[in-house]
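Letters A, B and C mark the chains in the order given here, with residues in each chain numbered from 1 onward.
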Amino acid sequence: MHLLEPVLLLQFLVSGLLAGALYALLACGLNLVFGVMRVINLAHAELMLAGAFLTYVLYAWAGIHPLLAFFLVLPALFGAGFYLQRLVVERVVGKGELQSLLLTYGLSIILINTGLLIFASDFKAIPELQGALIVGDIAISKPRTAAALLAIALTLGVYHFLKHARLGKAIRAVAEHPDVAMLCGIDVVRMRMFTFGLAAAMAGAAGVMLTMIYSFSPETGADFILKCFAIIIIGGMGNFIGALYGGLLLGVAEIFVAGFVSSQWAEAVAYVLLILILLIRPTGLKGAADVT
Amino acid sequence: MTAAALLEVRDVHRDFGGVHALSGVTLQVARGRITGMIGPNGSGKTTLFQVVSGIDRGATGQVFLDGEPILGLRPSQIYQRGLARTFQLSRVFPQLTVLENLMVAGHRHDRAVRERAIGLLEKVGLREYSAVAGSDLSYGQQRLVEFLRVLMSDPALILLDEPAAGVNPTLRNTLWDMVRHLNGQGTTFFVIEHDMGVIADLCDDVYVLSEGQVIAHGDFETVRGNDTVLAAYFGKTAAHRGTEND
Amino acid sequence: MSLKSIAPGIVLALLAVAAPAMASDYQLLFLLQLLMMIALAQSWNLISGMTGYVSLGHTAFFGVGAYAGALLLQWGFPWWLAIFKGAGIALLVAAPLGVLTLRLRGPYFAIAMLGLNEIGRLVATLWVDLTQGGDGIPLSPARLPTLLQNYYTMLTLAVLATSLIAWVRYNRLGLELRAIREDEEAAEMVGVNTTRNKVIAFALSAVIPGAAGAVYAFYTSYIDPVSVFAPALNIQMIVMVLLGGSGTVWGPVIGAVLVRTLHELTWAQFPALHLALLGVLIVAIVLFLPKGILSLAPWRRRVRPDRAPGSP
C-alpha cells in the first residue's frame, strides 16, 4: 500500500488520537498538581499502574470487568492521593523543586519495587473488549475507542469542574495566590489534598484504560512519565487544557513516525520533541503556568 | 552626550503582553549626585531598575552608562562596568555566610577582597556575624548586608530600590549615613524611596514616574508643587498611605 | 584548606591503595564498585549539589563513556587510551549540551536531562551498525585490563573527583556556583558570569562519568543500552549525595559507603526490596534530614545569633 494514500493517513490520525487520549488524561493530572502546588510528581505514572494493578486484581480474583472496576478504582486512588498529599507531599510544598522532585522520585521507586515484590516483572493484560470496528476503510480498535472516549470525557469533565464549580474555583485560587486564598478563608491544605486526590484518580482511570489496551508491568511507568513531561512541556507547564492538546499531538506524532519511519523511532518522538521545544522556548510552548 | 550624566535613559519602552510598564522613559542621573525616583505603586520604577541593570532584557530604547550603551548586556557585564544595585526585597544568599555574601561580589578572590569585606562589616558592627548564614540574620541586617555587598566592587553608580523598607530606625540611619558618606566621596546614587522626608533630605534631583512615564522632574520643592504630580501621586496615595501605614 | 581537613582523605586513599594486598577478588570488585559510585556521586554533586541544577540524566555521560571506551577498545586502542578518549568524548558531548540545557531553569533542566539520557539509550539501541543495538557489546577478554588495573583506575577517578570537589568548594568558582544555587539573578547582579560558570561545572561533571563508564565496560566486559543508560544508577548517585550532604566534600563519600554496604547486604537476596528501601531512604532524607548526615556532625552546628546588633 502506498504510504500517502488518504485512507492510510486518516487511519494514522484516528489511531494517533485514540492513543493520545490516554496520554492526555495522564498528563492533565500531572499538570494539575504542578499548576496548583509547583510539585512535579515523578510518581504520577506509578499511580496509574496502581490503578492498573488494582483493576487486574479485581478482574483476576473477582472477575470484575475493567469498565466496572472503574467505579472502584477511581475512589480508591482518590483516597490514596488525598492522604499521600496529607502525610507526605504537603511537607515539601513551597520548599523548592529539588525537594519535591526527590521526594516523588523516592515515592516512585517505592511504588515500582513494591509492585515488583507483589507481581514480579512479568507483563499482565486483561483480554476483555477485543476487536475492532470497521468504519469505511478504517479500523478502529474497540478497547482503544472506549478508553479514548472515557479519557476525553474525564479530562473535559475535570476541566469544566475547575472552571465552573465552586470547589474548582477555590483550587484555582490556591494555584494562583495561595496566600490570598488563605486570607479569603479557603482551606489551602485541604484544597491541595483534594487536588492530589483528583490527579491520582485521573491517573487511576488511565490505569484502568491501560489494562484494556496494553500489557503492563510495574516498570511500565517510566516510559509514560517521560512522555507526560514532553506533553506538559508542549502544552505549557501547569496549563491543564494545554496538556490535553499536547497528549493528542504526541499520540498522532508517534503513530505517524511509526508508520513512516519505524516503530522503534516512534519511542524517540517524545524525547526529541521535549528537547527541541525546551531549546526553542525554555518555558514551554504556552509559556506561563496557568491552571485554566 | 552630556558629560555630566553618568546614567542616561533615552526613550525606553517595556511592554508586558500589551501592558505598557514603561512608555518612553527618558531621564539622566547626574554624576556625583543622589537622584531620587518616586511614583505610585505600579508606575514602573522597579521595572526601570530591572531594565537598566540588565535583568529585564526585553526593553527597547537606549541606556548609556558613562556614555557607553549598556542595553542588552548581561547584568554581570553591567556590574563590571560599575553599576550595582539592591533589590526591592532583600536578596542575600541564604546559605552563604555573611562574609561569603560579600566576597562573591568582589572582582577577585584574595586576601585584599577578604579584608575589604571584613572592614565593611566592621564599619556597621556586623563583623561578629561573618560566619553566620545569611538566612539567620534579621531582615534589617540582611538589607544592610545586601547594601554592603554592592559596595564590594567600588561601583560608580548604585541603584537602591527602597533600601530602608522593613528596616528598623537605627539600621535605617546607618544606611542613609553611609549613602551620604559615599556620595561625599564621589559615588553616584539613584534611589527609589517612598519616604518623602528622605527624598527631600537626600536628593538633589527627583523624577516622578506615573503609568510608565516621567511626569515631573526637578528638585524636591519644584516637584512637590507640581499639579500633575499632586494629581497622579500625592492625591492618590495620601489616602492610601493613611490606611496602610498604621 | 588545612592539612587537618585533608588528612582523613589521605588516610582513606592510602587504605584504598593498599586494599588489593589483603582483599579477595570478590571484595576487590565490591571496592571497585564503591569507588565508581564515589566518582559518579561526586560528579553529580558538582553540578547538582553545588549549583542546584538537578540532573536526572547524568548517566547519559556514563553511557557515552562506556560505549566510547568499549568501541575504541574493539578498534584496537589500548585500554588506558580508550578511557581517556571516553572521558574526552563525554566532555565534547557535554559542553554544547550544557550551553543549551543550562538556559533552562528548575524543573525544565531536570526534565531535559531525563530526556537526554533516554535519547542516549535510544541512539545506542537504534544505531545497530555502531553499537550492535539491544544485543550489546561483549568485549574480548584478551584486550581487557586486569581487575587490579581497573581497580586502580577507578581509585584514581574517585580521588580525582573528590579532589575536584574539594578544590572547587574552597575556590572562587565554588563560591560563585553556590551563589548561583541560592539566587541566580542576584548572583548575576553582583558580577557572576552565571552561564560560563554553569557550563564549566556541567562539563567538569561529565568528564569523570565518561571515564568511569569506560572502566565499567572493561570490568563487566559487556555493555548494553539498558545497563549503562540506567536510571537506577542515577538514583544511586542522588541518594548518596543527599544522604551524605549535598555540596559538601565528604558527604557523597559517606553516602556512597552507606548505600553500597546496604546494597551488598540486601541486593543478592531481595533485589526489589533493596530498591524499595532506597526509595524509603530518599523520602526519609527529604523529609527529615534535608541537609544530609554531615549536618548532624557536632562541629558543623552553627550558633544562631540571639541578638541583632544595632537593633533597639
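One rule holds for everything that comes next: a residue touches a chain if its C-beta (ideal position, glycine included) is under 8 Å from a C-beta of that chain, and two chains touch if they have at least 3 such contacts.
As the structure is a computational prediction, the values presented were derived from the model and not from experiment.
Student: Remove chain C in your head; which chains still hang together?
Tutor: A | B
Student: Just grab the chain with the largest centre-to-centre distance to chain A, centres being mean Cα coordinates.
Tutor: B
Student: Using CA atom means as chain centres, which chain is nearest the centre of all the protein shown?
Tutor: Located nearest the centre of all protein C-alpha atoms is chain C.
Student: Chain A to chain B: how many Å between their CA centres?
Tutor: Centres of chain A and chain B (C-alpha means) sit 47 Å apart.
Student: In whole angstrom, how far does the Cα centroid of chain A sit from the Cα centroid of chain C?
Tutor: 32
Student: Indicate the whole-number Å distance between the mean C-alpha point of chain B and the mean C-alpha point of chain C.
Tutor: So the centre of chain B lies 42 Å away from the centre of chain C.
Student: Please list all residues of chain C that touch 2 or more other chains.
Tutor: None at all.
Student: Where in chain A do residues touch at least two different other chains?
Tutor: Not one residue of chain A touches more than one other chain, so the list is empty.
Student: Spell out the residues on chain A that touch chain C in their complex, using ranges where they run on.
Tutor: For this pair, the touching residues of chain A are 34, 40, 88, 91-92, 97-99, 101-103, 105-114, 116-117, 222, 226, 229-230, 233, 237, 264-265, 267-268, 270-272, 274-275, 278-279, 282-284.
Student: Show me the residue ranges of chain B that touch chain C in the complex, using the header's touch definition.
Tutor: 53-55, 74-76, 79-80, 84-85, 87, 91, 93-96, 100, 103-105, 107-109, 124-126, 128-129, 131-134, 136-138, 140-141, 149-150, 152-153, 168-171, 174
Student: Taking the touch rule as given, give the residues of chain C at its contact with chain A in the complex, in rising order.
Tutor: It is residues 48, 52, 54, 56, 100-101, 103-108, 110-112, 114-116, 118-119, 122, 125-126, 231, 235, 238, 242, 270, 272-273, 275-276, 278-283, 285-287, 290 of chain C that touch chain A.
Student: Taking the touch rule as given, give the residues of chain C at its contact with chain B in the complex, in rising order.
Tutor: 171-172, 175-176, 178-179, 181-183, 185-195, 302, 304-305, 308-312
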